[in-house]
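Heads up, the next two complexes both have subunit A, just with different partners, subunit B and then subunit C.
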Partner chain A sequence: MTGLFSEVFLSALMFGAVTAAIPLLLAGLGEQMSEKAGVLNIGIEGMMLAGAYLGFVGAFYSGSLWLGFLTGAAGGVVVALIMALLCVRIGLNQIVIGIALTLGLEGLTALLHHFQFSRSYPRLPAADATVIPLLSDIPVFGPAFFKHHLIVYLALALVFAMGYLYRHTQLGLNLQAAGDKPAALDVAGIDVIKTRTIAVLTTGALAGLGGAYLANVGAGLFIPFISNGAGFLGIVLAMLARGRPVWVLFGALLFGVCLSLTTAMQVAGINIPTDVIQMLPFLAVMIMLVLFGRRASLPAALGIPYERGTR
Partner chain B sequence: MSIDTPTVNATALDPTSAAAARRDILHKLLMTLGPILAALVIAGCILLAVGVDPLAYYGYVLEKGLFSPLGIQQTLTRMAPLLFLAAGLIVAFRAGTWNLGGDGQFLLGAVTAAASAPVFVQLMPAWLALIGSFLIAAVVAMIWSLVPALLRAYQGVNEIITTLMMTFLGTSLANVLVKLVFRDPGTTVPQTRTLPVEDRLPRLFDTTITSGLLLGLAAIIIVHLVMTRTAFGLKLRIVGANPRAAIHAGLGVPGLTIAVFAISAGLAGLAGAVDIIGVQGNVRADWNPAYGLAVIPAVFLARMNGFAAIGFVFLLSVLSIGGESAARRLGVPNHFTLVLVSIVLIVLALAEYVDHRYNQSRKA
Partner chain C sequence: MGSLSSLPGADKRDIVVLEGVTKRFPGIVANDSIDLSIRPGEVHVLLGENGAGKSTLIGMLSGLLQPDEGRILVDGKLTQITSPRHALALGIGTVFQHMMLVPALTVAENLLLGGPWWQRPRTEELEARVAEITRSLGITVKLHAKVSELSLGEQQQVEILRAMVRNSRLLILDESTSMLTPKGIDELGTLMRRLVEQGLAIVFITHKLKEAAAFGDRISVLKLGRKVGEIPSERFRALGEQEIISEIVELMFGKQKDDPEAVECPIRTICVEAAPLLQVADLAVAPTDNTPGLSSISFDIRPGEILGIAGIDGNGQKQLAEALAGQRVATGGSVRLEGTAIEMLSVGERRQRGLRYLTDDRLGEGTVGTFPVSINFFLKQVGAAPFWRNGFEQRAEIDKRAAQLVREYDVRTPSLKTPVGRLSGGNIQKVLLARELAEGAKVVIFNKPTYGLDLANTLASRQRIRDTAARGLAILLISTDLEELLSMCDRIAVIANGALVGTVENVDDARTKVGRLMIGLAA
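Up next is the complex of A and B:
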């Protein structure tokens, strides 16, 4: 087991942590926006799968990763549109519809994959990295943090953009109010349904993008059930972040390290069954929930459909 | 976070108007079969899109799952674990608790039963051994649900997330147990020791149907009666309908919450045990039939009514057995059943909404 803590290994571990963290980050940021606006989005796992599948299809047939990200995000939005129509506009039970969407997309993407790719299992070429000059020359940290696909840096920028949105813009305040006191927002003359719809569709786009990243950059291919709970992890991140995008980032990186460690231990050939290693990230989540669960603050009207004039 | 409580229909309580009662039954039938038919049509369109003849597919599923003698026996056997899972969900949903961790609890129950039964049968009479295995499987599943239960009861942590996370953990843990702890040294494939066929639950008469079916039926009927006819059931339903009102009514909500988790998880554990002790005989590594989430739509279609749930679990069994045959013969993977089940759920929710709106506008 020589070289387990060598520079190359450490830098690969951290590189993997960032790669694993990006889908969680995008899902977490998306879920955070939904939850802020009062919609508990259990369907996010399904949105990620739609994004992963369509993202892969887009990138595979066009040969362009960026087009793949675009189709992935669009896939997430389509699923989110169903959610917005059923849960926001006509106020059906968010949990029932969320479960249904996740189940349905799990089945549908696996089905389509079976008929399209199950004989060939095509792969995408490795994604081009954007090398940041100077910073990428730092030993260990350079290759780990500054040699990623451009979208990784955009996702990081999004964290701060979201922070600005929530703190300094009218839309951010509207979103918050839609989740905490929708009736007050309504009285202020702002359409609650519209505000929540914007939030759910944004969630869909971000989750779809996260799925597309997972398939196109993370794995290079689409396999059924590829998200493997990443959407659910995103929900946990959003719950524990107490409305702050930066905390979603920290949480995503923490779980990213766990996931990366999982892969690294498998590659290093440590003699533990993969099942034990696969439990790591979920164990981390449960420990976080036991330690900090009480402090998870959720909006007052989370999960309650808004209907004007009812109490 | 409330579940739509079944609406008490005023017409059904009025014995004088037989016509109204008939209309009510017809209405219920329409509200149940309508969504199923609509879902079959929508899912059929998906089949068409991937180049499979939907009529041929549905015909094949019905033939293999319902009309062939072997198929119907397999279907009835498959019902046993599904009924236990449905019973567990009925308790949880009526009490307003979203136990989505059924799969993890099911698998741990299954592994526990598979590990204990072959040992127990050598130590004691077979009937006692089986009862012992059932009990220990239920207890292990209950313990597995303790973390989400405590977090929900005392910290107010949303149980949807915790139970889902515990399911991912439970699935892996079950695999670890099969591969490392309870592995049968006599076989090359990783699996637990096999319970001899003569020690398993007896089969019914001259068929291949497991007597676990009767246990499952008993479980779901008992659960239904407890939830609708006893003080304990009423307490749970009050907690489900309005937890704050329940506190004001002097109910010990945290204790009841933990009880709900324990019953629900225990039944899921029994589902695993009945599948192993009745049918499979052992647990192979990476075995995960993922019944847990698929049962949810059946329970919703039945509006949390135990007797109605029996019917929908039967339907789900037909789909599941028929779908497995179709996967082998027609090359349509079993994932299609997931798609169908999810469409049923969405169409049902939509139908209830439309019905509710229609009733409102008629009253106004």
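Up next is the complex of A and C:
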């Protein structure tokens, strides 16, 4: 028990929490944008997997993590394109298509990985951390928060960029109108389909990036089903965040702590069955839903395909 | 109209002209060759009942629908209004019947909606523009309140303001008074007057005659998709309000010379001495949030008699039909069928005893659209012999009887297995007729039996109803089409605000008497 509250342990726990939170954050921010625009994006889990796989492949063959992030995001966008075509343009059921995309990509990425690497799981070299001077010297918190890969800081910056987008830009207004009252946006002269497509593609890029981070930085390798529900947690975060990006961040960090705790407690060798420990994040989801689920406010037209002239 | 000259290009030329515009939907002609001219500085009232084609017409002006035939001229030039954005660019702003504001956003955000996406919303610019407009119109608007916190009247002002901010030259107001309080309606009237004084053109859509007479400069009357008349502004100014109203009544309810629906009312002999089949006394229904209640409804119908219920739509017609059928709880009064009280019976029991109800909601409550035609014939007998035995469907029995009904009622269906929702409105109506008039019918309630049908099916349905009465059944015919009632009924009662305001024998001057009752004047 002595190891549990040592400085090193706490620091590692928090470092792990941030690492685990970043994919959730990116997925949550992406899902939030889709939902704001009225598209319930259940395919986000599949987009993350596509991002994780292509991100890993990109980084593995080029040797550049950044190129990996780029291919990962592109992978997410490709899946999102299918979603946008089927659900936004043609107006098919968003839930069914979302589930199909997720299941399809689980199989596809596992299959491609098997063809390429057979049963081996090659690793990427550890990601370089960008150490922030001075701040990283703070005991406990310094190493936990200020010694991450640059993309972590960019993801945090994205939270505030999103907040600005929703509150202070024309595009932000259009997105919210597309989700709340698409007909009003249409008569205002803005193409609802286009607006929603932009949102879904952005979601794809963010989810793909999250997946790439998960594989390249978080794990350093790709294994089938690596996202392990991170996309679905992103959906929960987006629903609980009531449209505010900063709440997605808080939620992601909370889940990140739970996930990190799971690992840390196992490492510390605490005498609790691992199955119980591994339940923690999902227990947290349920507690969050019981506490805040009622107050989750969703856009009025969420999940409803828009067709002009129907009421 | 002194400020008219200050507007660029605002001479007396029409802003928008419609020429022979026709729009069809599956099964109905919503607009039939309509001509209309819209001028700056005028409130042009489009008057007509539900289903007259008003909403379709403005759908075409606002770019939501495209006409099938005819031309639209904007500023004298032939123009296809392809999208809502295009309509806005042409200066046509529409305030829809259903609010088109995003409830979760503030008023200012709603007004800014539609700007180029790469720009920051120009809030300061908007505030200055809004201040200028609101001052000239004498209204106040809370720019930073959320739309969901505003009253309906306030929301409407925001929508009008939005059209003004976008430099609209033509403002279309679709049933704008339907959700307003009387005070709100007066304020809207004042606002419209100020707007036309600034040189705007307004198209004001309503089905209320008083508003049309009070707020209009020119009135076009629509009826069943056709324009049946126009009172030009010169005439409008010369007439008093009462004269205008009576002229509109003449246009709305008057007989058309070349009306194909005109049929001489056949003389039926009704045995005056016969005991009434249906007796209704003091029937009452409590009002709900969005429907009027009924109070002290009393009437008798004798065998072979058709009693008509006339009235402007939404005055309790549906409530009356449902209360009689047992689908709506009555709070008082009695309903007797052949002398036996039935007001305590369930829907099924009333049907069993011979009370039948043909709903106007043919696809909603009348049929199950995805079920085959054959099953829809027996929807109200599911589980009963001979079509079901021990819980199992007897396919052969059902098909045999269904085939017979299809022949008898001339239902045009590809097969018995076709889902009923794929048939045209007229054929769905025939399925309903076949089902409700089948064995044991004694009293039949028809609610708007020809609504939305084409002419051939309308005439066929009417003949079917007459034949039914001739067989000695008692008929209650609810319709918003006065022509229909005049051509079929023996007596016509008028419903207004959930009460019967008078009953008229269908003789020579019934038309004017009923028309006057309908708009609240004594017969």
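The rule is short, and it goes like this: the second predicted complex is superposed on the first by the 309 of 311 C-alpha atoms of A that agree within 3 Å, B and C clash if a C-alpha of one lies under 4 Å from a C-alpha of the other, contacts with A are read in each partner's own complex, and residues count from 1 in each chain.
What we mean here is this: a residue touches a chain if its C-beta (ideal position, glycine included) is under 8 Å from a C-beta of that chain, and two chains touch if they have at least 3 such contacts.
All values reported here derive from a predicted model rather than from experimental measurement.
When the two complexes are overlaid on their common chain A, residue A:14 makes contact with neither subunit B nor subunit C. Look at A:273: by the touch rule set out above, it reaches subunit B but stays clear of subunit C. Contacts of A:101 after superposition on the shared chain: subunit B is touched, whereas subunit C is not. By the touch criterion defined above, A:183 reaches subunit C but does not reach subunit B. Comparing subunit B with subunit C, the partner in contact with more residues of subunit A is B. Of the two partner chains placed around the shared chain by superposition, neither subunit B nor subunit C is touched by A:254.
Looking at the shared chain after the overlay, A:50 reaches neither subunit B nor subunit C. Of the two partner chains placed by superposition, only subunit B is touched by A:224; subunit C is not.
When the two complexes are laid over each other on chain A, subunit A has no residue in contact with both subunit B and subunit C. Here subunit A touches subunit B in the complex through residues 40, 42, 82, 86, 90-93, 95-97, 99-101, 103-104, 106-108, 110-112, 114-115, 224, 229, 232, 235-236, 239, 273, 275-276, 278-279, 282-283, 285-286, 289-290, 293-294, 296, 298, 303, going by the rule given at the top. Against subunit A, the residues of subunit B that register as touching in their complex are 1, 3-4, 46, 50-51, 98, 100, 147, 151, 155-158, 160-162, 164-166, 168-169, 172-173, 175-176, 179-180, 293-294, 296-297, 300, 332-333, 335-343, 345-346, 349-350, 353. Within the complex formed with subunit A, the subunit C residues making contact are 59, 62, 64-65, 83-85, 88-89, 94, 96, 98, 100-105, 109-110, 112-121.
Looking at the complex, you find that subunit A touches subunit C at residues 168-171, 173-174, 176-177, 180-181, 183-190, 299-300, 308-309, 311.
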